[in-house]
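Across the two complexes that follow, chain A remains constant while its partner is chain B and subsequently chain C.
Up next is the complex of A and B:
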């Protein structure tokens, strides 16, 4: 049966590059993966898979988007494995053993005479520490802190974007679909939050919340262990987690209203379509109509927004730690390095420059990817590309 | 053209009241959930005497139920009798002094936004899909992706330490004749040249730093808006008629600038509220830094005042954008 359908469909040949073949493979693999769980998924969603492949082709022809994707993939890899790649631990303070390692310039090497207590034994050893990108106030290697800080940024980034926009989208869908009093209430609350400058709200919350969160963490050991694992921190930093999580809560609260407004707007226009009425007439539950029918049709612009906000969260989070909120030493954080550097500027320029370059690169990567996605998700640009790519369909061949 | 506009304004204005009340409520809730006792901090730290603490508690109604506390704060705001516990001045007097600095900063930033964003956006659209366009688009994205706290230090290093084209200490006195109360405009109006130069020297770099991200946003917005106007049927008609290119572009530009002007109103509001980090780095005593200080010292009367002002700014910027839109596109009025 399925073979017949494929035969009936006009054969189209595209001019393929290596990247196209790679993206085809990835999408096919993904489809087979879903097929394992949902029987017959691949056959029933053939057109969807084709559309995805076409999107990938469009993406493959946009160098900025590819650059963005490349940066984002590196960021994700560093976000997961960064702490384990760091040559020095984030809570190893060379300044305790050699005072001149404080604010060591890039490219310098220092001799350390280390005496520590490990497992109840006094351990004594000597080592050289090379500062490729300089050191911070505690003599810590900036490369190591940048690598370990990638985890802090990544975990906060992912979880804030997973939770904040989801709340916003759900509220927006409900508000737009039901209308009336529900809509009025939700939108007034959204307006309140939108009229409140986001940065000030985030600062206020991350200044006020830490004690509460710390109390909660101290009462729940499982939460403590989970957080330490997530942020790849050592057990003795448990008392700094409250501040870190305060930033998380603050940014989630700041990040939902924009999404609520956007998804409400799209829902308002989308629910007037006949297919929604048909779904209602058939008697589908509202939940299904909202999430299976309306959401997939309005998700395009929201996805672009989410991609760009991955960068936005990094900017804001680093901004908060620049102001001394959120991640405090010894927790590795990019914004905190800049905070230290600003106090010794311009002597310790490397503490501003290198984390700055890292932040700009990552945020630029997300923005480039978001920009590329916008073009890809726009059916008009995709269609025009489709015609450009088509080398020869059967009709074209005969007329030629 | 203005039919129905009055009605629209009234309806639009009524929705502000709950928003403003809500904003003060948010601050109040934040103040309420803090476990630390702010009164001790206000009275001068841990060593504060019990009598002083009791007195402050009574003064700010902190020994009363929550609705009474809230009513006291809001009433104090409107009658300007609410004192900032840290310097015993009325909150809005404090804010008024600082708002001038922030306003002037936002003004400079806005100038840079328009000077950089508009022309580059138009060039980008005119040369769409060329190498110039690609470069400008990436430049705009770099502007948006660069945080203030990074670019500020780059600029300080370049313009202050390297070329010394700016000053970073203190703020210049305002000119003696006050007309608008904004020093740089007063200096310009009264032709007080030396003061004008002083003001510009002090404010241009912070303004530039603050405005650069917004300039990137405006660049992208102008480009898209221009291309959107270009793809309209009216443009096709003019093209078919054989109108020369210069006149065609002038026509498109006129259509394209309509949404750009509305976004400018919103951007000015955003600049006014986006100053905390800039003011901290450049050492300017504006409301952004006042808000930061208020948060650090748990000075909630001051914070409630500042956020109230911010909310008014946001809501007004939104209103102006809406009015501009309603004048331009009568459909939204109904």
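Up next is the complex of A and C:
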């Protein structure tokens, strides 16, 4: 009964667009999905579901955020399936079979007479290779490298964002909560990291680390297989992993201080709330107070920062590869492609232009999404967005 | 002879701020007897809350418990000094044997969890229930005990969905969840409107009887004291001014501060031109006045008051006062 009334209210207040209906469907489907596992979940969390729907409406009214979301979804799909969608393998070098495929311009097609060894047999076959976006120095298809490179960027992106902010948030929480000497120590170390420009520190680290990481990988086969699977690389690229992972470690080390600062600041204000003291008076251990009560209350701005940093990591990683650190050919990588192209610019402009466009698009997508999320997550701006929604429907009524 | 549950002896709490050392609590000693309701009264900033928090080491940096003893007599006859326990041991006592009810129900609940979860969490941390889910089930009974209507559904509400009075009932529910021996109510009615205040006090009294608990009631509302407490401790500027039973304090106040405090309560039966107040302000506790801390505002102040710190003296059985006049 009350459910129906609430639904009617929602219909009256907000003018529904197709997108609203789609987002409603998705949220309803998600709710029913959880309902399968947790009995009665949907009924008990009615208000939460309604809140999500309202967030979605607010998001739907913001075209940039939607564009960002769209780009990000495409990026994630390519990040997972990109290497399998690529028409040519990243380590197939057409230049070995037809020298003129080197730096082939976009739209050209070449004939290949391939001789390879497969399962111990020498195999001959002929094929045509069409370069939609041109080829690189090794005659590799730029489309294929971009698709396969999406995985490299995506994996680095996810893991750096998973590890870096986690370290930062934990340190920030501890620092803000305990205060005093603990705070001073942690924050001064953070300051030391912040004093170096992130990129410079990352350059220094990725110059030092590769051999150590490579040695570790060579000693542990499980780590080798894991990394090869993660980056969707072939076994013969094992020796190139060291440099790639050096960038990963360097970026993790560079990425936490910002989060430590932000979460410390939020913790400082949040811990003054009486419920933190009440939690202490109830006898909760400090770690429970930190992670169960303070963290969820400060996660809003951190979430936005994380979304923005997904783009930032891609950019920094591409920057490092462009400088010749990080991924080395034949590992597919956007920044590395630009690095190659810079030597043949402007003749082979496609080597710089297309990876550049891809990087800019993805970074822009994450930033737009982050911006939109900030508006949606901040109750004040969201209320104003919802207010606009109501107004619209009133206008519609009067005109009708 | 009533037996004490808590003996506070020479408690000192200082706050080390940039401006200097704030001597918030200086040589405070009093007993809380088993089964009574003891009221701790005084002006804002006189150290009532700090005293109550010091009992379970809840003083936060820059504050520090400098010296003193808080002897806690358990039901089984054993005695511990609460100030000597380590973090882990004091955690066992907080919320379990000694529970708090805080002043502002609007901010003493975490906005992100249902009230049932928060009650369940309080039980789970002391091992009264296996997990929070089971605790939420038990929370229904607790909400019923604190007289919340429709507890089966309220248990799933978030704090913002409840009114102030309801929230304070939930906070009380968290307080009694583990059946504490001592319930410290720190101005439990300040943030509520008058009709709800009476209900909440009645509820605390009833729960106290039911669970046979002891209550330390902190307030600056003397009406509340007269209604609910059996004994009163009057504090001024971080020191105990007077201790006595309700009768002794209200009918035979000895300390000039207590007298002035009682006179400041408007009497609806008397017609007066303006409200009485105590002249002057609470002294700065970084450099407290020498001698008796009340002397700058005391109408009876003599030369001796400016030099010597008055000791607590027992004037009649159970009636103690710290003043040179007696």
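In the analysis below, the second predicted complex is superposed on the first by the 349 of 400 C-alpha atoms of A that agree within 3 Å, B and C clash if a C-alpha of one lies under 4 Å from a C-alpha of the other, contacts with A are read in each partner's own complex, and residues count from 1 in each chain.
We adopt the following convention: contacts are C-beta pairs under 8 Å (C-beta built on N, C-alpha and C of every residue); 3 or more make two chains touch, one makes a residue touch a chain.
Predicted, not measured: the structure shown is a model, and the values here were computed from it.
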Original post:
Here chain A is shared; do chain B and chain C fit on it together or clash?
Top reply: fit
Original post:
Does the superposition put A:368 against chain B (first), chain C (second), both, or neither?
Top reply: first
**OP:** Rounded to a multiple of 10, tell me what angle the C-alpha centres of chain B and chain C make at the one for chain A, in degrees.
**Re:** 90
**OP:** Specify the partner with more touching residues on chain A, choosing between chain B and chain C.
**Re:** B
**OP:** Would you check which partner chain A:337 touches, where first means chain B only, second means chain C only, and both and neither mean what they say?
**Re:** neither
Original post:
In the superposed arrangement, which partner chain does A:200 touch: chain B (first), chain C (second), both, or neither?
Top reply: first
Original post:
Regarding the shared-chain residue A:346, is it in contact with chain B (first), chain C (second), both, or neither?
Top reply: first
Original post:
Does the superposition put A:356 against chain B (first), chain C (second), both, or neither?
Top reply: first
**OP:** Identify the partner contact of A:285: answer first if only chain B is touched, second if only chain C is, both if each is, neither if none is.
**Re:** second
Original post:
Rounded to a whole Å, what is the shortest Cα gap between chain B and chain C in the overlaid structures?
Top reply: 9
Original post:
Can you list the chain B residues touching chain A in their complex?
Top reply: 15, 18-20, 22-23, 25-27, 30, 33-36, 134, 137-138, 141-142, 144-150, 153-154, 156-157, 161, 273-274, 276-277, 280-281, 291-292, 295-296, 298, 303, 306-307, 310-311, 314-315, 318
Subject >> Residues on chain C engaged by chain A in the complex (per definition of touch) >> reply: 56, 58, 60-61, 91-96, 99-100, 102-104, 107-112, 121-122, 125-126, 156, 158, 161, 171, 174
Original post:
Touching chain B in the complex: which residues of chain A?
Top reply: 64, 188-189, 191-197, 199-201, 203-205, 207-209, 211-212, 215, 311, 315, 318-319, 322-323, 335, 338, 341-342, 345-346, 349, 352, 356, 359-360, 363-364, 367-368, 371
**OP:** Using the touch rule from the top, collect the residues of chain A that touch chain C in their complex.
**Re:** 44, 47, 179-180, 273-275, 277-285, 288, 292-293, 296-297
